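Each chain gets a letter, A, B, C and D, in the order it is written, and its residues are counted from 1.
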Amino acid sequence: MKLHEYQAKSILASYGMPVPRSGVATTPQEARDVARHVGTPAFVKAQVHAGGRGKGGGIKLIESAEQAEDVAASMLGSRLISPQTSLTGAPISIVLVEESLDIEYELYLGIVIDAIAQAPVVIASKAGGMEIEEIALEHPGLILREVVQPTVGFRAYQGRRLAHAMGLPSNLANPVADQMMRLYKAFVDKDCSLVEINPLVITKSGQVMVLDAKMTIDDDAAFRQPDMPSLRDWTQEDILEAKAGQAGLAYVKLDGDVGCLVNGAGLAMATMDAIKASGCFPANFLDVGGGAEPIRVAEAMGIILADPQVKRVLINVFGGIARCDDIAEGIVRSYLDSGKELPLVVRFLGTNKDEGIRILKEAKPDTIFVDYISEATKVLQDITIQ
Amino acid sequence: MKLHEYQAKSILASYGMPVPRSGVATTPQEARDVARHVGTPAFVKAQVHAGGRGKGGGIKLIESAEQAEDVAASMLGSRLISPQTSLTGAPISIVLVEESLDIEYELYLGIVIDAIAQAPVVIASKAGGMEIEEIALEHPGLILREVVQPTVGFRAYQGRRLAHAMGLPSNLANPVADQMMRLYKAFVDKDCSLVEINPLVITKSGQVMVLDAKMTIDDDAAFRQPDMPSLRDWTQEDILEAKAGQAGLAYVKLDGDVGCLVNGAGLAMATMDAIKASGCFPANFLDVGGGAEPIRVAEAMGIILADPQVKRVLINVFGGIARCDDIAEGIVRSYLDSGKELPLVVRFLGTNKDEGIRILKEAKPDTIFVDYISEATKVLQDITIQ
Amino acid sequence: MSILVGQDTRIVVQGITGKQGTFHSMQMLEYGSNIVAGVTPGRGGVKFNEAVPVFDAVETAVRELGANTSIIFVPAPGAADAVLEAAASGITLVICITEGVPAMDMIGVLSYLRGSNVRLIGPNCPGAISPASLCRVGIMPSEIHTPGRVGVVSRSGTLTYEAVNALTQFGIGQSTCVGIGGDPLVGTSFVDVLTMFEDDDETEAIVLIGEIGGNSEQEAAAFIKSGGVSKPIVSLIAGQSAPPRKRMGHAGAIVTGKSGTAEEKIRALSEAGTTIAPSVESLGEVMKQVLRGSTA
Amino acid sequence: MSILVGQDTRIVVQGITGKQGTFHSMQMLEYGSNIVAGVTPGRGGVKFNEAVPVFDAVETAVRELGANTSIIFVPAPGAADAVLEAAASGITLVICITEGVPAMDMIGVLSYLRGSNVRLIGPNCPGAISPASLCRVGIMPSEIHTPGRVGVVSRSGTLTYEAVNALTQFGIGQSTCVGIGGDPLVGTSFVDVLTMFEDDDETEAIVLIGEIGGNSEQEAAAFIKSGGVSKPIVSLIAGQSAPPRKRMGHAGAIVTGKSGTAEEKIRALSEAGTTIAPSVESLGEVMKQVLRGSTA
């Protein structure tokens, strides 16, 4: 799960990382009050789960508290569209009002888990302020990495090494390394899969400051991060993806019209690939998972049917742990609930296949049954032609 | 540094380890109030830095709040003498009043740093309530050990393994393992060199409880344990050792009459050994350390001279980092301060030896200078004969 | 011979009394797998299916019954501990089925295992099966497998079943099928399994099934290209139609940079000389052609 | 040849601009040691003693000046980090003089170094000196040492100086003198150093100086007894008069069990066939007799 900038900054501040004076506001009046408290000039920053906010008009300099109110009024309740959001953008319901600083250096600082090193890697660059992907494309030599040895954690000398390699003056090496160690501690304690401080700035007066922060928590570690649920903002996610997420389903909304329900992530991807290769377009990725109970399948199917773009549905299930009859029951339940008459193409294989087919035939006699994925995509093409 | 039982329990409780209901008292009246709050029967437990309190009369069962007051009155202000204290005992200025429990199992649980494994080792025994040294002597087979791999810490399966090996019923394995993991976390976080829960009890109702706790913090980690100085109770240590400790000197009070000041721990031990081999007895171990400044030496010498048992003094310095002239100046300063006329035998070697001898000769003309340790012990014997 | 699992495999099931553990242990027993013991802390002493002893600790299964392979169905919060217990108890092959193990836990586990003689497969994987020895240590449907000389290695579960099914339908049997898992951090890589297949006398050709995200397919391609594998390989990459920055089910299946795309992986595997199968259904036919070519 | 330090030693001093670092670097330079660089983070660019370049990082000293040995004078809170930096920068011998390193830090460092090719001496040790090559990497007084064929290994500092002084006064020179440190957790053990002395052509006999606490002397005795060392050994144990449960200066010098007592150590070393010296002053004479015996 992603955190908002203000949430991430509050966590980092609790690890002793300096952040600018700031406050959040959910109304224009609040924004004005916070601006008075913080002082002007200041920035009003839309709190959305997406990068590229500056380009999308989500970060505005204001010169007075009144202007803060005006800017907040225009932001709050609107949607921010940036290169990293969907076409419809992300809703703004909170803004952060934050003091403006005199900046000497703008650095990039991030930590990710690296699959090759099988360890956290601290990434730094002196090209702060740019997106890391841009730096990678335009100045790959400016991206510096230090692999963390899990036994001893991230060490001061690695931080100094990064500071020197970024070309910072010697006297900044220790303070910058110190911030990196704090960031690493937060990363581990909070089970992050990603933290990014972009930029980490050094002000003209020599103070290191977290100017923007992104933090993504490993969903798999939710069981030991009791504070995390309260920090989750479902409104920042696609409404159907959010619904699926709350139900524990792996679902990704796409732009096509073929709703897909598959068991297994790899098979779901392969099914999407086959649909696309046949000239049709999948409306979603959906892995209903291994031990698919009827109720869970019904929920999954409900999410597919709730997508107005979906015009036809493909079920592809290789029964193993998942039983075809369970799947069939779930489908029937949600089709009845939805009242929709969308065409349904079904491929069942493995455990309890015949029973599954029987259940579906009875409840929805126009269901088209196929044996192969290639057959399914052919049928889907025919449906389009109709 | 050692913590009191009540301090250790408060730390362990903050890690989620269950402790009995209890409260501390520094006056008999407080003890009565606490006993009312805790309920009776209860125990009144003298808070001293020594094991074997039970044998020394430092743990008493009381049946009423009034009895708690009486027992506290007899304990507070007195000194507890146990097999583990010095002959004069340890002063009691705090008592803990604690509820009495119905006990099913009494276990020993400890963590130490093991020099051979170069890792923390969790030690457990079903012979709880006995001192670990006693268990080691009488039932060595009952002492169980699990070495911790620093990379992954102490693991649940190790805890279960210990629980099973102690012969606990299966259903207690997970709860006991859970307590061990909490204890390990506290051990690491607080930079302990030793923790001991003896006994860890399981009540008749199946609850795991910390009934007694010892905790020793690694003095070398004081710089990152900001809460520790406030928990230190100097009154529990020999007054001269406490004074030396506060001055950062390695000093141990012994029973002889030859005060020794040496630079280097190994040489100090060898010097003591030589004194003892010659038939005399050292009054102390004192390593004045490497970079011995005059003021530090003066402090060290002051501690030696403050010991009323000291009748003669031996200085043995192999100058290296330490300079003989610095040592001499420090000695002169404290001898003058003390006004004492104790005989002084000095062996200087190495850096600035001649200058050191000159300074001492001038200030204390009766100083006896020797070249060898064997010569020094011979001179000391002669002094005794006089 | 097969790889990883076979006639010498003596299985202990960690989490045997849980729902998943029970279901798949029954399936494995029915197939013929040699489950010597189960482990569920706190449940030691009972019998599973009236025959398999259940212990409180893995070390008992190793000491008393010579277990050498563990399969883990323990829920995610305890999965790392289960792997470490197996490794510390003398098990040399640990297959972790559990999905959703926190990444930080895996970092610790992998660091601990490095330099040891313990091999971990997974987590979040379907396990391994060697049909000729009727040894299944995993959750794959038994009936689709048939003994033969093609090795299968994959990051995916059900997609592998499809692939095996496609092979079997074309009369192509399998030496061993291994799912290495869909997480970014796994104990065994494509390269590890390819090395084993290369050294295995009973494996004649290999199916490699990758997917978007990470770059383990590129590592495999580089290894193949450098001569690490001489046997013919048919490869398949899932996720060509996946959008960037979206996690497609598997924690590892997310395109974040150029190297994570299906196109890049296909290009690398193609340049390494493997035959790219256009779809999972085509695998049987493509492999048949490849085998015919390699024999000719 | 000597052991550990010698004519190929190229020293970088970590913490060279601190008080201790400055003093001992001067002493080492005067003795003839080859200090190629110093390191003090934040002070890179200055020259020490108008000749030795000071860098911000150890890796610069390794890369630009071929440093292979580091000596650490960094204060205790940063000492573990300094060891790790040296190890990660390509230094193969790290000598950590610093006293008072937290035990938990050392556990991490030792775990990190295990299985690497980096040797750590110390912490809380006087370092090592090989008089024939005029190579001193430590804080021992130079003038008491003289080239020769006796190796000295010890847990103590000043006691070692006494021992060396006693040898030199009897005309017995030293191949290398090594202080392994007075802490319970150290990088190099008696056994490690004994192995090196055994393999060293220039070492003919060995002085082993132990003290109360721990059981590294017993380990050494077992190693000697098992045939690990064929050269004659004179040993000395300090702390026979120390009371139990009291820390005698060194963190490791505390008698907690029977094995930690001087009596037990002397018994073990005596049974292993080493000659016990009754006092440090007697070392020269005892060694002279031993050498005469072994030659005869």
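Following the convention adopted for this analysis, a contact is a pair of C-beta atoms (placed from the backbone, for glycine too) under 8 Å apart; a residue touches a chain by one contact, two chains touch by 3 or more.
The model shown is predicted, which means the values in this text are computed figures rather than measured ones.
Common neighbours of chain A and chain C, by the contact definition above: B. For the pairs A-D and B-D, the count of C-beta pairs in contact is higher at B-D. Distance from the chain A centre to the chain D centre is 54 Å, each centre being the mean of its Cα atoms.
The geometric centre of chain B is 29 Å away from that of chain D, both derived from CA atoms. Measuring from the averaged C-alpha position of chain C to that of chain D gives a distance of 50 Å. With centres set at the average Cα position, the gap from chain A to chain B is 54 Å.
Across the assembly, chain C contributes residues 108, 111 that each touch 2 or more other chains. Looking at chain A, residues 149-151 sit in touch with two or more other chains. Interface of chain D with chain A (complex): residues 41-45, 56-59, 78, 80-82, 84-85, 88, 108-109, 111-112. Of all the residues in chain A, the ones that touch chain B in their complex are 150-151. Residues 84, 113, 115-116, 118-120, 133, 136, 149-151, 188, 191, 193, 218, 220-221, 223-224, 250, 252, 254, 262-270, 272-277, 282, 285, 287, 290-291, 318-321, 349-351, 372-374 of chain A are the ones touching chain C in the complex. Taken in their complex, chain C has these residues touching chain A: 19-20, 23-24, 76-77, 99-104, 106-108, 110-111, 139-141, 144, 154-162, 165, 182, 184-185, 209, 211-212, 214-216, 219, 236, 238-243, 245-253, 257, 262, 278-281. Residues 149, 151-153, 155-158, 160-161, 164, 170-171, 173-174 of chain A touch chain D in their complex.
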